[in-house]
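Once you scroll down, you'll see the structures, which are given as structure tokens.
In the two assemblies presented below, subunit A is common to both, partnered first by subunit B and then by subunit C.
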Partner chain A sequence: MVESGSVVRSSIVSSQVELHARYGGVVPEVAGRAHLDLIVPVVSAAVAEAGLEAEDIDAVAATHGPGLVGALLVGVSAAKSLALVWDVPFVAVNHLEAHLYAAFLEEPDLKMPMVVLLVSGGHTILVVMEDHLRYRVLGATLDDAAGEAFDKVARFMGLGYPGGPVIDRLSGEGDPDAVAFPRAMANDGWNFSFSGVKTAVVNHVRKNPEVSAADVAASFQEAVVDVLVDKARRAARELGAEAICLAGGVAANSRLRSRTAQVCEADGISAVIPSRAMCTDNAAMVAAVGWQRLGADGPSPLTAGADPSLQLPVALQLPVV
Partner chain B sequence: MAPPMILGIESATSRVGCALGDAAGVLAARESAQPRRHAESLAPQIAEILNECGLRASAIEVIAVDVGPGLYTGLRVGITTAITMAHALDAVMVPVTSLELVARRAADAHADAGAADERAADAGAADTRAADERAADAGAADAGAADERAADERAADAGAADTRAAGRAWERIDAVVDARRGELFHAAFTPAGGWLSEPAVVDPRVLAETLCRTAARTLLVGDGAGVYREVFARAGFDAEQRVVHPSAETLVELAAAAVAAGEVVNADSVRPMYLRGPDAQPIATAVPRGREG
Partner chain C sequence: MTPPPDAPAVLCRTSTVDQTRLLAGAVARLAEDGDLLVLVGDLGAGKTAFTQGFAAALGVEVPVTSPTFTLANRYRGRLVVNHLDVYRLSDRAEARDLAIPELLEQGVTLIEWGERILPALPSDRLDVKITFGDGDDDRLIEIRAVGDRWCGCLAELREALGPWAGAQRVFR
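Presenting the complex of A and B:
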């Protein structure tokens, strides 16, 4: 429940991490079933915790993509049902756009233009945000998402799921300079590639079975963070951005957070680093975009469906870099 | 006190539909045969039938929903819509299985056809032409409520009349709903719609052989009968096969009876009837815990 697009009245997240850990990763059908079981309790808790009544709710927003279709269908169907019952507008929200808005829930008056590094298990996207709802995708991963690389490396090393937090923790005990893993496309355009570093880790561990897992984890993490931070920094310089903002589940990584803060300080721009709860998937950021989109575009039609491969809309009026 | 207003939501097959009515009958209904458009179609349909009846959502006191077994995509949309609305409206619910809905619809057609036959016999006109006319009548009645209803279903309703006209009566109804991946959801019913077997996932070939060995005159209904038409024919099961989809109107009728009998439940207890596991097994290895958010 979010008021006026930026005041969080309640934010309930029923994480399925434990459930998915039992399967060694996200199984779409398991996720879909769990969503159906949890949707009503989660909505009830959000309304109750905000101390509001149904009559106080002015609109209902839900993610309609991208994501797992079975999960999206539950959210979209529930939101439209509530909009019908409460007789209020329904707003279909792009999940990636919601991540861009997470930071505004903690700092509503962020200065733009701002470079946003959106990194999660499914996405690695570099965006320049010129103004509210006006932004352009500079680049994205050509293969694995950064979070996916963390998961795959963790699985290969037998560290469990999800890989990000495990590698983050283990890296604290290792030497980031122990192994020089490749920094693919570091100085080459705005796109990313993380499948090479993942393969390099696998090869290195196979050739050196006695290697310290902490050193491998720390060196792998350093390689990924280097590429992410260097590219965001270069984009901020070239575009004259006021800030670099982190978003998405991988933005909870402690090394990525500290390195981003460092380079922003060195370059005299702001580092916008949302709390970990705001980086990972949450519904408050969906409500924030719902408020923005409702104001700009009006309600979404009840015929809106789920779009598992929805992309970020691109604002065309921005200058090409 | 007026009888409670019932919303029926049906989405267990490739179709999606809804109906609004009470103990006196169905007031409005929609059905879309456009495949894989459950999420896009259902909410607008509900808004339309409420509008058509001049009602607000708050008038709904009972929500009846097809809980499957059926196709997950559709069930997920229908059941999420039903439980979310029921919770927000503080409405009670009537969960009904897809197999029961299909069998009930066939049983009703059977009973109607039987009554029509008696009238036809009195008039001394129990010939194929009479059956054709009944088929046309049934079609016209259906069309008023759901324009998209397929002609094959009208033929199916009329088929029961053909059988009566030929002097035969069904002794058992087998309902089959397409489960994809070469399987069917199945249950057997009495001609009046009472359960004879538990819902189960079956191999169409095995079911076809079982039906061939069954002495009872068996009516096979449900979209699964159409999907595996050739399998049943090859096994020598040549009773007329009928494509009958579960319908939201039948759901409202069954729910009205359930309300009268006090057989309603809370939304919290309504879940899909999956019958199959989620295609993945938990891994045995220990995993680290403690990730937040």
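Presenting the complex of A and C:
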């Protein structure tokens, strides 16, 4: 439940609901059934925790893409039903656009233009937000997402799951300069590629089975963070951005957070680094962008369906440095 | 993975990731609506690279990215290309939730780690097994026809794979 687009009254994530334990081991977003079981308790908890009644609610927003169609349909159908019952507008929201708005829930008066680095298990996207709902995609990954590379490297090294926090922690004990892993496309346009660094780790560990896991983790993390931060910094300089903002699950990585803060300070711009809870998937950011979209575009039609392949608007061409 | 022992296979070698993409493109030119390819190989072997070459040959113009987290991606080219990764699924019930039979109805479907859910898959398929060779970028790619659909076009398949498969490496 979000008030006026930026005040979080409640934010419930399904893993906080006891029901989730029943699905131990299951990838929650896969199972349409799990969504079906969880949606009512989660919505009820959100309304209750906000201390509101149904008649206080002005609109219902739900993600309609991208994602798995089964899971999306549960959310979209529930939101439409609630909108009909409560007689309020329904707003269909792009999940990626919602990530762009997570930071505004903690700092509503962010200055723009702002470069947003959206990094998660499924996405790595560099965006410049010129104003509310006005943004351009500069680039995205051409193969693996950054978070995926963390998970796969951790998996390969037998470090456990989820890989991001494990590598983050282990890196603290390792030397980031121990192994020179490739920085793919570092100076080449705005897109990213993290498949190569993953394979380079695999090759290095195969050839050097005795290598220190902490050194590999730290060197790998440094390679990924280098590319992410350098590209965001270059975009901010070139576009005259006021800030660099992190979004998505990988924004919880402590090295990415500290390096982003460092370069922003050096360049005299703001580093917008949301809390870890706001970086990962949450409904508050969906409500925040729903409020923006409702103001700009009005309600979505109740015929709006799920769109599993939804993307952010296509990139405009920028000169490559 | 235990393919039928008598299923005919072609063993290929590539030494760069671009060659793997080209090889995949050669296979894609034989693809038809409803086809299924199961991609087997360790982390970093090149399953997504194979799919990139495959999709590009079918006229897909957007970047083909890894489906490990998104689980299922769909692209439009000359044919629809469904790209799945079932590594993170813990059981076959979840494979049902991905609605694989419905996906298979439209376009060509490539499933990374598909060997984990073979009982949930149709028996007509092409198994692509990628293993690491000696050099960092060397790969052995074993392509095995399972079922009538692919056994029925073995000659074309062998011809398409000719540049990467020495005659002595074609075996039954």
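FYI, the second predicted complex is superposed on the first by the 296 of 321 C-alpha atoms of A that agree within 3 Å, B and C clash if a C-alpha of one lies under 4 Å from a C-alpha of the other, contacts with A are read in each partner's own complex, and residues count from 1 in each chain.
The rule is short, and it goes like this: contacts are C-beta pairs under 8 Å (C-beta built on N, C-alpha and C of every residue); 3 or more make two chains touch, one makes a residue touch a chain.
Values in this document were obtained by computation on a predicted structure and should not be read as measured data.
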Partner chain in contact with A:N203 - subunit B first, subunit C second, else both or neither: second
Comparing the two partners subunit B and subunit C, which touches a greater set of residues in subunit A: B
First, second, both or neither for A:P308, with subunit B first and subunit C second: second
First (subunit B), second (subunit C), both or neither touched by A:D177: neither
Subunit B versus subunit C as contact partner of A:E238, first or second or both or neither: neither
Partner chain(s) touched by A:A252 [first = subunit B, second = subunit C, both, neither]: first
First (subunit B), second (subunit C), both or neither touched by A:L142: second
Touching partner for A:W86 - first (subunit B), second (subunit C), both, neither: first
Which of subunit B and subunit C A:R155 touches, first, second, both or neither: second
First (subunit B), second (subunit C), both or neither touched by A:I39: first
On subunit A, the residue positions that both subunit B and subunit C contact, one per complex: 27, 29-30, 32-33, 69-70
Residues of subunit A that touch subunit B when the two form their complex: 13, 15, 17-18, 21-24, 27, 29-30, 32-33, 36-37, 39-40, 43-44, 54, 69-70, 73-74, 76-78, 80-87, 159-162, 164-166, 252, 276-277, 279-280, 282, 301-306
Complex interface listing, subunit C residues touching subunit A: 42-44, 48-49, 52, 63, 65-66, 68-74, 88-90, 94, 97-99, 132, 136
In the complex with subunit C, residue positions of subunit A that touch it: 25-27, 29-33, 66-70, 120-122, 140-145, 147-148, 151-152, 155-156, 191, 195, 198-199, 202-203, 206, 308-309
Parts of subunit B lying in touch with subunit A, wherever the complex brings them together: 37-44, 46-47, 50, 56-58, 72-73, 76-77, 79-81, 83-85, 87-89, 267-268, 271-272, 274, 278-283, 285-293
